[in-house]
Each structure stands twice: as C-alpha cells, then as structure tokens.
Amino acid sequence: MQFLIETLINSAMASAASALVVVGLALIFGVMRIENFAHGELYMVGAYAAWYFGTSLGGGYAVGFVAAVMVTAMIGVFMEVFLFRRLKENPMGPLIVTIGVLLVLQTAAAWLFGVNSNLLVDSPFAGAASIAGINVPWHRLFVIGAAIVLLGGLTVLLRTTKFGWALRAVAQDKDAARLQGISIGAISLLAMALSAGLAGAAGALMAPIVRISPYMGQPIIITAFIVIILGGIGSLEGAILAAIIYSTFFTFISAYFDSTVASIAGLCLMLLVLVVKPSGLMGKAQKV
Amino acid sequence: MSVLSLKGVTKKFGGLTAVNDVNLEVRAGTIHGLIGPNGAGKTTLFSLITGFYTPTTGTVHLDGEEVTSTSTSHRARKGLVRTFQGTVLFPDQTVAQNIANGMLATASGSWRDWFSESQAYAKNRDHEVEKLLQFARLTDLRNAAARDLSHGQQRVLGIAIALAAKPRVLLLDEPFTGMTASEKDRLVEMLQAIRQSGTTVVLVEHDMRTVMKLCDVITVLNFGKVLTEGTPEHVRRHPEVMSAYLGTAA
Amino acid sequence: MTSNKKAGFGFAIIAIAAAAIVPLVAGDYYVSFSTEIAIMILMLSSYRMVVLTGEWSFAHVVLQGVGAYTAAIMVKDWGAPFPVSLVAGAVVAAAVAAVLSFPLLKMRGFYFLMGTFGAAEAIRLLWRKFKYFGGTRGFSGISAPYLEVGPITIDFGHPASFFYLALAIVVVCLLVIWSMEQSRLGQIWRTIEQQDVLAQAVGIDTRRYRRIAFIISAAFAGIAGVLLAYAFGSVTPNRFNLNFALYLMIWAIVGGTRSFYGVILGGIILMGFDESLRFADELRPGIYGIILILVMLFWPRGIERLVGLDKLFAPKAALPDSGSLAASTKGDAR
Amino acid sequence: MTNSINMTRRQALLAAAAGTSLLAMPGVLRAETKTVKVGALVPLTGDLSLWGLPAKNGADVWASRVNKAGGIKVAGEQYNVEVVSFDGAYIAEKTLQGARAFQDQDVKFTMIIGGDDWSALQDFSNRNKMLTATLYVSDLNPDSTYLIAPVEAHPFYFGLGVEYLRKVEPNIKTVSLCAQDDVTGRSSLAYWRAGFDAHGFEIVNDQYFDNATTDFAPVVSAMLAGKPEAVCIDTTYPSVALLLVEQLFTQGYKGRILHAGFELLPDMVKRTSKEFMEGSIAFFPRFDDQTIAQAATGFSDPSGFYNEYNAAHPNEWNNTSWEFPAALEVWKQGVEAAGSFDADKVLESMKATPPKHIFGEAKWWGKDLFGIDNALLGNWPIVVVKDGKVEIAEVGDQAAWYEAHKDKVEARFREEDLMPDQRR
Amino acid sequence: MIELRNLAVHYGRVAAVHDVSLTFEHGINCIIGSNGAGKSTLMRAISGLVRPSSGSILFEGEPIENLSAKAIVERGIAHVPEGRHVFPELTVDENLKIGAYLRRDSAAVKRDYDKICSVFPRLAERRKQFANTLSGGEQQMLAIGRAIMAAPKLVLMDEPSMGLSPVMVGAMAEVIKSINAEGKSVLLVEQNANVALSLSSDAAVLEQGRISLRGKAADMKDDEHVRVAYIGV
C-alpha cells in the first residue's frame, strides 16, 4: 500500500516533468513544423544554468530558475533567427540543424563543466514531508506544483491572450493567420522562446533531483518523442495527457519490474496506439 | 449496361452530410457529366467512386463487381482510372516518363523486372508512350520536364498518364479548368476520340458550355443529392437546375 | 547507354580501383576504417531505397543489427561458414522487416519515423534483455572467415583481406541496388515518392511497394550487419542505438538522396571528417555539429548539388528533394 | 606528458589533406629516441567519458611524474613514457580501430576501461600480441592471453565488504541491492549476492535499472519496500550513487549503505547528514588520506600524485584517475624486470615473479572463474565512513575470501550466465 | 478605392492572372467567373498572401503590392478567404477576437464585437464552441465577422455563397448589404453570378486570368452575353 502510494507520487512527478518538456516540443512542432531534436539539450542547459547562476555564482535557487529560463529562451531565439529562418529550402534541414545544435550544446557543457559532473543544485525545499509513514521530498511536491502552475499559466496564456490566440491560429492555418495581420516570423520567434524556456524551466526544476550531466537530455528527448506520438503530434492537450499516461505507465512498470522492461513496454504501448490510431490519441485522422 | 454504378451512397463527415443517398448508373461507352454548384458534393462523390473515401452507407460497383471498400489502386488495376484537379503530375520527370509511369502497375511483367527491364516491356512501353504522345499532341515536348508545361498542356498530360493505365472508365476531375478556348476544343476532340475507342468517360466539370456540348448524360448534384439526370437538353430546360446553378437572386 | 551513364560507370570504376589500392598504400588502421566506410556505404545505399518511397526510417540500423546477431548466432551455435551466415543474415533481416512492415507501414511521415524507432528500440532492448542474444555484453570472438582451396589459403582476419572481401560484396550489392533502381520497381518507388496519390490512381499499390522497398533494403542492411560482425568480431546491442540511426539519416541528407552517389558521398565525406577531427579529442562532437549546421545553411540540398554531378547517376531524370518527412507531417498535424 | 594529441592530430591532418594515407608506415611516426608509448583506449566523448577522461588524465600525470624522475629503465636504457589516447567511444569498431592506430604508432601497453570494449579487441590482441590492461576482471577468458587485470579485480573485493559488515553488524539479516543494467552491474551484483549468501543475509529486493534512468525514486521505493537493514548500491556512477543515497535519506532509510567508491561523499554528506552516512562501507581509499601511503605500498607517493592531479585537472578526480597509473606501475615493474617491451617477454617475466600490486603483494589468479590466471589478485582495503570521511578500516585478502566461498560465487555467476563456458 | 494596374501573378511558371487592370469605387462590387478563372489568386494578391509578378495594386491611391499581409490589414483591407478558413480549434469567441489582432482601441473592439453578436445571434450562442463544430453557413458568418473585427475599409469576400443553401445565401446577401450600409466597401468574388450581380454596383467577368467583360452590374445581369459566356446556357 505504502509502496503503491509512493509510486503514485513518483508517477505524478515524472508526469509533471515530462509534460513540461513535451509541451514545448509539441508547441514548436505545431507552430513551425520542426522536430527539435535539441529540445532535450535545452532541458540540460536549463539544469546547468540553474546550477551556474543559482549555486556556483551563489544567486540561490530562484535566481537559478529565472536564469535557466532566460538562457534557454535566448538559445531558442538564436536557433529561430540564425538557423530555422534560413532553412526554408530543404524541409529536412531544420531537423539536421537541430542535431547539430544538440551536439554543440552537449560538447559545450562537457567542455565548460566537465564530464565527471558532481554539480549539485540545492532545493530551497529541503527535507521530506512525512505523512503516515510515507516520506515525500518537498522538492518533488514542488516540482508537481510548479508544473501545474506553469502548464496552467501556459493554458491561460494560450486561451486568453492575443498572443495565445495568434500562436494557435498560426499552428492551425498559416494563411488565415496572415490575413488577420499576424506576423508568422514574430510568432515563430516567441513560440521558440516559449518552447525553449519551458524546457529550461523543466531542467531547472529537475536539477536538484536528477544527475546533471551533458548527456542528461538524451533519454528525455526519446521519452518526449514517444509521448508526442502517443498524444498526436501538434496537439498540446494530447501531449499533456500522453505525458501523464506514459510516465505513470513507465514508473509503475519500473517499480514493479525493472526499467528495461518498462522501456520495452513503453515502446510497445506507443506502437499499439499507432496501430490502432495511426495519428495518436488526440491527433487528427489522416489518410494513408 | 452500366459499367459503373452507385447504389444509395451516403458520406458523412462528422455531422456534415456531404453526399446523401446518391444513385448513379454510368452506361458503357458514354461520356457522363457530373455537375452542380460549388459545394454540391461533386468532389466527394468523385472520391467515393475512386476509393479515396469509403462511403458511410451504400455500395459502388464496377462492371457488376462490388468495389465499395477496395483501394484506389485496386480499382485502377480493374480499369477505373482518375485524373486530378490542379496539376498533380510527376513534376520533375519528362513528359515521356510521366506517361510511362502510367503503365507501371497495369502492364504485365514478372519479378525479373525488379532487377532489370525486359526488352519486351521496354519496347512495348516506348511504343505505347509514342502513341499517347501523338494522341495528346505532346510529341514535341516529350523531353520537357512536366513542371515546365503550360497549364493546359499539364491537364492533357494528366489525362495521357491516366490513359497509359488503359482504363475502361476514365474519371476526369474538372479537366477544362483554366484552359483557353482552343485548348478546350482540342480536349473535347480528344475525349470524343477516347469514347470512340470504347472507353467510358465520367467527368466532373464546371464549364457548362463544354459539358453541354460533350456529354451524353448529365447528372446534376445539389446539396449532396441528385437533383436531376438526363440529356443535356433535359438538364438545360430543367428549372431547378437553373436556379441551383445560377443561384437565387437576392 | 547515355554519355552520362558512361561517365557514371567510369567514376564508379575509378572509385572501386581507388578503394582497392588502399591496403597497398595504407596501414591497417586506414584499411580497417575503409572497411567501416564500405559497410556504411552499403547501409546508406540500401537506406536510400526506403527514402525513395518517400519515408525516413529509424529501423535500418537495428535491421543491420538483426543481420549481425544472426551471423553471431550462426557462428557461435552452428559453426556456420561465412557464406551461410551472409545469406542467413540477409534473410532473417528481411523476415523481421516483413513482420514489422505490417504495423509500421500504416503510418506515414513523422509517425512512421517514430514507429520505426519504437519497433527498433524494442528489438534492441530485447537483445539486451535475453541471454540468448548475449545480454548487454552481446557476442564476441566471431572469428573471421578462413578460406582454404588447395594450396591457396586466405585468412580474412587480416584487415586487408577482409577489406577486399567486404569491398567485393558491397560492390556486388551496390550493383544489384543500382539495377533495381533502374528497373520498373525503381520507377514505381520514384512515382510513390514524387506523387503518391497519382501513383495510386494509375494502379500502383503504394503500400505494397513501400513494403517491398522496406524488406529489400532490410536484406541489404542484414548483409551489412553480417559484414560488421565478422569485421569486428563482436556484436553489442549498444552498437545499434538511436545515435547510429540518426547518423545514418544525417549522412544521407547531407549527401543528398536525389542521386545514387549522393548518399555515398555524404557518408564518405562526413565519416572522413569525423575521423580527421580526432585531434580535437572531446571537442570532436561539437565541431562535427558545427559542420553539420554550416553544411545545411550553405548547401541545404546536400553535397551532391555542390559537386554538381547530380544528374550523373540519377536515372533518366532528377529526383525531387529529399524532404517528404517534413512535407508529409504537415498533412498529419491537421 | 600530454602528447596524446600530437600523433593523432598529425595523422588526421595529413589524412584529411592527402586523402590517401602514405603515412601509415610506422617508421615515420616512431618517436625519435628513447620514448616508449603507452595508450589509453577509452571513451573520451559521450556518457562514458565520465570514466575515460579521468583515466586518461591520470595516465598523463603519472607519465609526467615518471619522466621528471628520469623515466623508466629497460635493458640499461632510459625511456620517457608518452601517453597516447584514442576515443573508442565504447563502440566495437572504433575501439578496434583505436587498437590499430596504436599498433601503427607502436604502442607497447594499452589500457582500457573494459566491459564492452574488450570483446572487439580480443582477436586483434592475440594476433598482434597487444599487451592490454583492463579494469574489469570479468573480461578475462581462456583466450585472452594478452589481457591482464593488474589493479582492480572488480568485483572481488565486495566479498570482503560483506564479511566486514557481518563482523560489525552481527544481528542484521536483510539487504536490498540495485545496479545499472550492464555487464558491470550484472557481474558485480552476482558477486554481492554470493557475499550475502556466504554471510547469512537475506536479499529482500534485488533489481537492475536502465542506464538512462534519471529519477531514482522508484528504484529506491522498490528497494525499501522490503524493509532492508542494509542497502547495497553496487558500482553505480558517482552521480547516480549520490541520487540513490539522497533518495534513501529522504525516504527515511536508516542503516548502512554499501557502495564501491562513494566518490561524491562530501556532497552526499551535504545532501543528507554526517549521521546518515556514518558507517557506510566502500572500497576506495582517499588519496589525500594520511594512511594511504601505508596501504598503497605499490604506488609511489600517492599523495603527491593526488595533489599534482588536482592541480592539473581540478574537480575531475575519480577512482579511474589512479587506476590507470596503478596499472602503469605494474607494467613498469614488468618491463624493467624483463628488460624488454616485448609482450611475451613481459608477460613471462611478470608471471614468473608477480609484480607488486597497488595494495601490496599479490598473485596471479583467475583460472577457476575465467579460465586464465591473468588477474593480479592481492589485498584490498575496506573503507568506512567516519565523520563524513572515508577511512581505511581494514585490508583484506580477496583471494582468500574467494577460496572460502567459491561455490557460492560460481552458483551466482552461473545464474547470470557469467561463467566462461556460458559466454556467447 | 482599389485599383489594379496590369496585374499579373504566377505560380511557378504558370500564370494565374494576366495583365488585369480594374478600378472599383466605394460600395459593393464584384468579380464573377468560373472556377479556376483566377479570382482567388487576384484576391490573394490584393491581401498580400501572394506577391504579384508584375503590375501594381493601389488602395486609396497608394501602392500596396509590396506591403506585407500585416501592413495591408493595417491599411484597412480584410479578406474573407474562399472556404472560410476559420481557425478550427479556436472558439468562436477567439476567432472573432483574433480578427482584431492589430487593433489597440479596446473600447471600439468591444463595440464591434457586440455588434457582430447582435447581427449573428447564432454565433453569440455558440461563443464557447470550437469553430469546427459549426455548420458551413455559421462558419461563413464567423469568417465574415472575423473580417469585420479588423475594422476594415474594404472587405474582400471570396465565394461567400459557396455551399450554402438558398436561404443562407439570402441571409448572406443581407449581411453584405448591412456591411456596406456601415460605410465599408465590399469586393465580392463569386461564381454565383445572380447573387453577386444583384448586390453590386460595378462588376467584371474574369476568364482564364483575364478580364473579359466590365460594366455596371445591373446591365450585366440581364446581358444574354454574360449568361452565355459565363454560365454556358
């Protein structure tokens, strides 16, 4: 029973973290039709930034968090302005370039901070809540809460602001969006900043509880793509739903079996969904 | 003798009924027109006939054989070949290759063709392509890339590709759109020649003048239903056709 | 035969001859690297068959792994000679691809890409999981073939001998792949890639021919896997992970998939770059990444365009740009 | 001497420029006079560079110290030692190519991390008599003639650890274990199990986690579900061990923790508490410990080495940092005794007179379990956390422990298909 | 109000519109023509979605052919595209509000919003629904409402009657008239000639990308030539 509850809480946190990463990826795919393979590295940069500004420079966790969002958002803007915008000619171009960015960011992190990473980010919420014999670290509850706040904020942003409408409009119908006077370039730029910033936020949130390494983005991006496919590419609601389903599924199987079995089962779940509904849980049906 | 028949075909998209209980019989050796105002369901019906959509209810028969839920390619091999609105071609390939592509699936061949082309196949293909180039009056353009042709030439090439698949029923989706008057006249001649050769033609078309001139039978659709069907003369005189097509004056 | 084709054959013969003198002038290190390149060329050329039908796959590397594992099991459990392993590797890889093709080919575009990743990664994890496949350690000690015909004995354990063996097999495979591309089958693939609705309209069963491409390309990937297993004597599950699938895709795109030689050129140039960057030690991946970005920014349509020979090997007409992945995902998201 | 770069750079540039390689003739590359090359064939990029880089750096520091002291003396001649390196990336063909590159450069002694690396090299090593040192004793097999395990006989010291645990905690019964799902994890967990079998513990939870795992809460929850009185987190990566320890702490575990290294002990203490870590058991002494010189008798001036390393590579120290140097110490003894760099002669001489191991006298061993006596098995220290720092508690005899419990080890190894006759 | 001078538009090498010169004054005007005649292309050129290959477009005397779509919206041209192109997964409310994307005068926006809700009570009822749940006619109303939200001086309407029932077509005509009554000009592009001509003051017939006929709508309506040329009966 206790184990079950612990596993449920762990699932909730895993869901929260992966939802934050995946939403950004889905967002950028929806608006720009780019599969950003470097998204996991933005998460990694977020964790490093949280360490560098928060711990190394001594700014504290809050400063580290803000810095993580800002640094990753700036990298996102850079990618849009200097790379994606110049790559209209070959539709596969952005994909290759994101892999290039991935390699550069990994190498830069390894070079700047070393591979033998023992970087520690201290959570402002040390210790654990103890309820009925179950210990739940405060920071994990904080991650869940922060993810709900961030995703809620994102929903509010997308539903109630002009920017949000414009962003969704661009994702749904580019020409019609232009006819409303929406600048696709400006929206792409902001979407990229938002997407990258969310990844950075996720990195900063997870920094105190995961191991920070230059390669920490790799398993994340694989999970993220599985989740995106599960949810149906381009659908934010689908992405969040799928993040919760997948992470819970994965956490339970790794708790009750082991994580290799969980990986295999997760992949089979994705394949199963694709076979039954080739456009993902909430994707639009398409003709083959 | 109907070569193509639709029985009680209905297609719904979500709550919207695009095609509503349509019955259609196409007699062999005729040119059968399918007209109606924009949004009347012509294109949906066309897609149902060619297998791009499967009807919600109802059946489609080709030569008496039911093909309701078979694939487009299956129907094409059975002799039901369509063309497209706009210019759906193999744009980077030459005109001659475009036509040759039309016979890739339907010409006979063996697994040996997977590794090299047999002399016989190549010879037969070149012969057929030559005939079609002449027929479509594209001989001089045989080595031009399809994307460089004029709009009218592209439409004709689309038909030539379809003919290369040796159809018994040729479905044309708005073939006259965007053609000059002289191009239209030439295409009318072509279609008449196609009918002469025994191929049935079904066409969806907006250009009433040409449809009236060309078709043996015309079916008029409005709001997804058959409004009326008959000879051009019948359709022309039908009062509801006029109001449907011209719109009601406000 | 057109003059272009003649020139193409000329180039091919020069290239093969150049490859053949590598062991005469270079040390084992370079010979072994050349073997690696030869195997990768076979991978790329067979990968291009799938690309010709308008899809990008992440499963190709794992299908190579199927070939390699088959060879390892044939050698370890059955003591099979090299030719038997070679055939078995191709057949088993093709069979696995045939099974996978049923669920996978229902998908298109990015869904297909991720579907292939899912299936491939699941297979790879099964290798890790099951002791029959050697678990996380895989197989080792797959000894190179040894040929003894009368007085002549050739030990293919010498890098140079094995290089010639691999080169010969790869050249034969490339010839087969090339002639398939020229054949009616190749023309059908090309129609599917260029305009698959029109292909269907004239009677081409696009799913069937995509499946054929997937299966045949898997057979060649299997052969490449067998060569890999023998060349390096060991098979480990990590060798077939996503990174390698990504690299395969990168090489193909950077080289350009319009022409037969584009992917080959991409593979040789990028692998050469990677190897020549060794002086940079741990900075190597970053420099490689910068090169990728620069190549895509300045020659977005691949190296084949840069060389300007792209019509040479392209049968009859140039192909459209590689890029159906992003193009088809556009439709998907609607 | 950090000359790892030069050779490969020269090669690479020439190769890139010329397109063909006329330079593979070893003569051109062979160093001018009296320099002997040793090679570090390790992952320098990717996830496992975590082990490879500190190992390579350690070898560099060792070489510079030895050269400063006059180099090594073989057959009456003084040689400087030069370390070359190659990024094997933990991929078979790259590793094998690294071996070929080393051969072209006339490298006399190759050091690898081991595990996945070795399988690609064995055939090559036998053909070319490539004397190689591994950190994974489990790489040894009847055909690995030129492979030695001269330093760490991982996981053989774990038996001593369990014995020590039993001695200090006579009443506890239950234990949970975990390890990452790879060769290291599987072979060491098998040995741990044998140890716990031998000393009367009950294993209540026992699991492998995927290498890509980033969140260890589920792993720890599962381990603690059986209410263990001791927890063993095996040879997990330093940062993984840190996260595991932190999770153990937050999930309310109280008891001893066993790990191979506790590399990040200061951080562990920071994240948990001194009291929590007190009494935890590991197997790698600190090099800044005053007592290290007494224990590591086979290593010249361990503290000096440690200081020099830290000056050159701040914050990059881990246990592999001294293991390559320790292997080089063994090799140095071997070549000096043999009076030759020839692999056969060095092996023969080393076998005849076992060199001194880092922790003192040792003997060649391994026939029982690996079919070949190529592991230099000697004493090994058990360290215990006291007041936030590890201290050497005692030094045990690995071979003796094994001899006493070999049936249990064999049973557990067989279970994981690790016995020589079970290799694929 | 709007003037086209020798306008030509190409898609690739294929010309969709050749050398079109036209002038329309304030009020409701129309361009009629069959499918594929180039009507939509002409509209897209005016609203900046495609760049003309030659010629110029003047709006209130100023050239706008090189302006961005955004700048053209700012000048006061709103475009109701063929096939409505409402944003399917935005609510009706959001679809309308995004029409006022560039406007900063929130009080006036609110007024326009309320106005549209009163003109289209069906939309007001469905304010919280996604646009893709609306019927074709409702979507058309929404597309028009969205255009009005931009407070345009000129509304381009591409086939507003397409797919609508006769009753809805009648309602549409009323809406168009009421838009004009508020002082906005409307340029209609229609295949449904009767509706278009009865609403318009001036009209032009476009055939194969060229203007084949030009004149007062009232004259054209009864012109047998138009009927034969355009409809073929």
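First chain written, first letter: the chains are A, B, C, D and E, and each begins at residue 1.
In the analysis below, a residue touches a chain if its C-beta (ideal position, glycine included) is under 8 Å from a C-beta of that chain, and two chains touch if they have at least 3 such contacts.
Just so you know, these numbers come straight off a predicted model, no measurement behind them.
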Chain B to chain C, fewest steps along touching chains: 1
Path length in steps (a step moves to a chain that is touched) from chain A to chain B: 2
Identity of the chain that, by mean CA position, is farthest from chain B: D
Length of the line joining the C-alpha centres of chain C and chain E, rounded to whole Å: 53
Distance from chain C to chain A - Cα centre to Cα centre, in angstrom: 32
Rounded Å distance, chain A centre to chain E centre (Cα mean): 42
Two or more partner chains touched - positions in chain D: 45-46, 49, 53, 181
Residues of chain C whose C-beta touches two or more other chains: 128, 282, 284-285
Sequence positions of chain E contacting 2 or more other chains: none
Complete list of chain pairs which touch one another: A-C, A-D, A-E, B-C, B-E, C-D
Touch list for chain D against partner chain C, complex: 4-5, 8-9, 11-13, 15-16, 20-22, 24-26, 44-46, 49, 53, 85-87, 90-93, 96-97, 100-101, 103-104, 115-116, 118-120, 122-124, 127, 143, 181-183, 186, 417, 423-424
Residues on chain D engaged by chain A in the complex (per definition of touch): 45-47, 49-50, 53-54, 181, 207-210, 212-215, 217-219, 221-222, 225, 237-240, 242-243, 246, 250-252, 263-264, 267, 270-271, 315-318
Contact footprint of chain C on chain B as seen in their complex: 50, 52, 71-74, 76-77, 81-84, 88-94, 97, 100-106, 109, 113-117, 121, 145, 161-162, 164-165
Chain B to chain E touching residues, read off their complex: 15-16, 37-40, 87, 147-148, 150-151, 154, 174, 177-180, 206-212, 223, 236, 242-243, 245-250
Residues of chain E that touch chain A when the two form their complex: 47-49, 68-70, 73-74, 78-79, 81, 85-90, 94, 97-99, 101-102, 146, 150
